[in-house]
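Next come two complexes built around subunit A: one with subunit B, the other with subunit C.
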Partner chain A sequence: MTRADRRPREVPTASRAGPRFTEKLAQAHLWVAVLAFGIASAMALMQALSRASLDLPWRTAGMYYLSVTAHGVLMALVFTTFFIMAFGYVVVSRTLSREPAPRVLAWTGYWLALTGTLATTGTILSGKASVLYTFYPPLMAHPLFYIGLALVVVGSWCWSAVMLLSYRAWRRANPDAPTPLAMHGMIATVIVWLIATVGVAAEDLIQLIPWSLGLVPTIDPVLARMLFWYFGHPLVYFWLLPAYVIWYTLLPRVAGGKLFSDPLARLVFVLFILLSAPVGFHHQFMDPGVSAGWKMVHTFLTFAILFPSFITAFTVTASMEVGGRAKGATGLFDWIAKLPWRDPLFSSIALSMILFAIGGIGGAINASFGMNAVVHNTAFIQGHFHLTVGSAVALTFMGAAYYLLPRLSGRELELGLLARVQPYLWFVGMMLFSISNHMTGLMGMPRRIYDASYGGSAAAAAWRGLTGISAVGGVFLFVSAGFFMLVMIGTALAGRRREPEPILWAEPLSPEITRRTVFDRYALWTAIAILLVIVAYAYPLWAHLRMARFGSPGFSPF
Partner chain B sequence: MNVSFYEKLWMWASGALIIAFVTTILVGLAGSALQPPSHVETIDPTKVWSDGRFQHRGATLTPDGATVVIIAMMFAYQPAEIHVAAGKPVTFRLTSADVTHGFSIVGTNGNTMVVPGYISQFTTVFHTPGEYLVVCNEYCGLSHHLMSAKLIVEGAQP
Partner chain C sequence: MSDQPMGQHPKGTLLLVGLYGLLFAASWFAVYVFVYLRRGGVTP
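Moving on to the complex of A and B:
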């Protein structure tokens, strides 16, 4: 076997007569992600200003809760999912040297997910689904909201099937080769997603859709919360793993270095397959109807999942250091200055890692139920997840979009100066926004409120200056998002056409893995993951269903 | 697997940190019975106003503390003002007449979800007398941000 077979690199393009299949498919997905991000960012600005009790034109409670719902759905479900689908197809074509197949299934998935997105977003914008992106019953939205979400999930399943079928075809042709690292990470992403979506699909199809159509009169809200959070926590790893793939496989080369450890990166993704799902009760610490013992079991598993992220922090930072030293740094810290801070992919990831480190500490606080009681459902939580999904994930994806769009579209990045500034604006904005929200959260300010004055209460008055800082952060973030949109649209419309540069994957520093290893045994890891899910959920779910329960009718107070 | 010395060191340190986190929780569990808050009891959400367990709402003072019974609804708590004594255990019992609400006593760790069909219960002690703001911290509809109550903790000194 040749070296090229073992770790395939960018495939040279024979002809630029028209976009190849993967380029077209990936860009179709990327643009849905980018447009969803743009709309959701505009809504976020209004929300941050509203919580600071600033009187803006058209500011009403109805508009606020509608826009929080749209922001959550478009950012957390649409932007992330479509970006990840686009990136997955790029990884298949650029690491396995084959186009994603079957093509019909890939396009079916795209159109299903897009139709679902339009149905759900349209329902939200018409004011019939201000139930927030967590849609806890018995708040009841228009049935089209739930049906649209189901279509997005089914579309993502088509994507998952294309990813796994493409891998299987490659594996048959390369029985002994190790899975290319980026593909390894994306397979982990697919497995986590397939395990996770069982929960939301069950909630949506068995509970929410029949109930919202009036086929059943009542719903059990705690059962719905159990199913939602069974999905909701692995959902965050579905977002995070592709970001980790970008950190491990694109960043080192951009930083001028090599991947510090290939086997540990593989171990990290396997650990996420195993530990992502059996942790959902840590979102339900304050819920009635779930026993203390099972909350405890999920607490311990939650702490275990910190481990792969600790490894990632080391390996990725060490890979950057390798880059700095390759450029001549010799001191303890001078390699940091030698890094390409003007490259938007590099700065996006480096800054997102700093923000994520703070977010990770917050996560360990949330996972400790004693401290969680102080911060549960306060502004601390929105401060926390804007550092994780809103920075580690979203900022990385923006940086990756700057890297990928020219390579997919054959156009040079336009407005490069804006792209260079944008990650720093995001960093400053997020620091202001998140730190102030962590603080108001500790002072008891609830999350998701239209106005924080509580009739002039003294306790609420103490939040005032901090909500102002949060609003300033929101302005920074809005400008940053605007720059991102300008660069994306500018590149698509006016970027100079040229032969696209190849996508260059990182090479490992230590002797690389040359043969298939235990890390590539996905069926085994999936089986163990399912076993852990059964251990963590089978008994509490069974006990819950056996208990004498009363259903709730629906309410639509919006 | 070939892993560098520094990375091994880091992995052991990370493992130790995680074990330290878990140990703190175990110590809390063993030493002061600090469990995850939980209570499993159901109720018909359409009949909360006539259910015997929620007939006598508000604080019932007992020699060794108090029990406070509250119904949460869009967009208020019934009752909206509660008086309890400082330094004595107070047991809160809550349920919802409609959608899911929150019950968060600002400035304390008194915090619970209030889910229709279920009864939330927790016990706490207020050491500092004064007036506390209670807010709903789970989105419940258009006037969610107006849903609040007053908790007055009465002590020997004002």
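Moving on to the complex of A and C:
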């Protein structure tokens, strides 16, 4: 087999006879993601204005918590998961040169996840599940909320199976070829997801569903939180890894350069397989029921997982520098000006990286065992995760949607000016929103309160101006989200039909990996990851289960 | 597009990453000293 044979080949993306299977499947997922994003964005505006104490029509605590739940679930669980599933199918099709298979399983996963999404969203919007996206018991939701979430997870497992089966079929035909980098990243995503969802599936099926159906009278909230955060932090990497795939495999090409180091990129994804899961206790530093020693172990592991993100920051920025220098830059920083800042994919990613870099600083503060006490459950936390999932992930996915939709639908991107402006509006809005929330958090303002004025107390007056800045940021973000929706819907309805352009993956600068390497030994990495999970969780879980435990009945305040 | 200009050392990136590292450490210590220690640590 020659080197050229081993390289992933481009396959035709559409034909006059109608969309191919992958295009249809990926677009079905993409549109669920886009619609969920649109609803969630409307909810977000209301929250930002409410926290600035603006007396909006229908503003009540009940409506606020309904909207926070809808925003969190639709944005963090539905938008992300459906986009990632869509992108995964595109990666299979375009890097392995084969359709995702088995098709029945792929569609089964889609319909299960969609049915679950509708059930969960229905219970939230009807006011029967204002339990926030973390659904901590003893807050109790309607059983359909939990059953719907279970269906979303099962649907995502079908997707995971299709991804792995498609890879296995390709591997049998290409025993010595290196896994294409984009597929390597998506396999890492699947492995992280499968390990992580064991926790939420156990919480949902063993605790929440029987409890919400009245089959058991009480629930153990400490155990539920332990299981949730076992899932909840690797969930962050389930969001982040596909964004990194886009940064590593699409951005360098769009920037006019090459990927600075292919092996470093592969190493990053392997490190995420290993280190994503055994870190959940850093969300529970203030919780009883987990010993300080185990929290410290998770602190060290959390700092360890900063390392692959630092490698990513270096490699992707160096790839951009490569692009700028290829266009003639010779100075220290003049390559930055030569980058394609008017390209919405490029600007989305570059701006999301800047926001993510700021978010990384806050993340180190969150992860510090002692310092966590000054930011825990404050507005600092929402300021932080809007820079990570709300920027590094969401803004990258929006930029990628501009890139992918024309290539999947065979329609030209409509309203290109809005697409060019939208990432900058998001950047400005997110800076205003997140920086002000970091500051108010350090001043002690709690998160998840619908009225930050506390009835006019002196302490609350100190952060009043900053909540106003946060609200202005929310307006920018809402307008930006509106532009994104207009571009997507405009492209689908009115985009001029044309032969779709191919998806062009970045080539590595050097060295190019031409044979299968240790990075492709996914069974080994998965086994080590599971071992680390056992080391980090087995004893604390066992210690908790052997204690005298007290259950709680359910509460539904709204 | 030749590989020659691409293969240069990414000195701009190294400087940016270095500056970010300084900002990262300075910000962490600023919160540690001016917020955490000023309020009094949570441990005895």
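Keep this in mind: the second predicted complex is superposed on the first by the 551 of 558 C-alpha atoms of A that agree within 3 Å, B and C clash if a C-alpha of one lies under 4 Å from a C-alpha of the other, contacts with A are read in each partner's own complex, and residues count from 1 in each chain.
Rule of thumb we're sticking to: a residue touches a chain if its C-beta (ideal position, glycine included) is under 8 Å from a C-beta of that chain, and two chains touch if they have at least 3 such contacts.
Note that the structure is predicted; figures quoted are calculated from it, not measured.
Engineer: Which partner does A:Trp335 reach: the first (subunit B), the second (subunit C), both, or neither?
Structural biologist: After superposition on chain A, A:Trp335 lies in contact with subunit C alone.
Engineer: Thinking of the overlay built on chain A, is A:Arg448 touched by subunit B (first), by subunit C (second), by both, or by neither?
Structural biologist: Only subunit B is touched by A:Arg448; subunit C is not.
Engineer: If we overlay the two complexes on their shared chain A, which of subunit B and subunit C does A:Ala364 touch? Say first, second, both or neither.
Structural biologist: Both subunit B and subunit C are touched by A:Ala364.
Engineer: Go through the superposed model and pick first if A:Val374 touches only subunit B, second if only subunit C, both, or neither.
Structural biologist: both
Engineer: Quick one: subunit B or subunit C, who's touching more of subunit A?
Structural biologist: Partner with more touched residues of subunit A: B.
Engineer: Report for A:Leu264: first if it touches subunit B alone, second if subunit C alone, otherwise both or neither.
Structural biologist: A:Leu264: touches subunit B, not subunit C.
Engineer: Does subunit B (first) or subunit C (second) touch A:Ser510, or do both, or does neither?
Structural biologist: Both subunit B and subunit C are touched by A:Ser510.
Engineer: Contact-wise, after the overlay, does A:Ala318 reach subunit B, subunit C, both or neither (first, second, both, neither)?
Structural biologist: both
Engineer: Between subunit B and subunit C, which residues of subunit A are contacted by each of them?
Structural biologist: Correct list for subunit A: 260, 310, 314, 318, 364, 368, 370, 373-374, 510.
Engineer: Looking at the complex, which residues from subunit A come into contact with subunit B?
Structural biologist: My answer: residues 61-62, 65, 68, 130, 132, 136, 138-139, 220-222, 225, 260-261, 263-264, 267, 284-292, 295-296, 299-300, 303-304, 306-307, 310-311, 314-315, 318, 364, 368-370, 373-374, 376-378, 443-452, 454-455, 457-460, 510-511, 547-553, 555, 557-558.
Engineer: Contact residues on subunit C for subunit A in the complex?
Structural biologist: Going by the criterion above, the answer is residues 1, 3, 5-8, 10-17, 20, 23-24, 27-28, 31-32, 35-36, 39, 41-43.
Engineer: For the complex, give me every residue of subunit B touching subunit A.
Structural biologist: Touch list, subunit B to subunit A: 1-4, 6-7, 10-11, 14-15, 17-18, 21-22, 24-25, 28-29, 34-46, 74, 98-100, 102, 104-107, 109-121, 132-133, 135-146, 148.
Engineer: Spell out the part of subunit A that touches subunit C in their complex, as residue ranges.
Structural biologist: 256-258, 260, 310, 313-314, 317-318, 320-322, 325-326, 328, 331-333, 335-336, 357, 360-361, 364-365, 368, 370-371, 373-374, 442, 509-510
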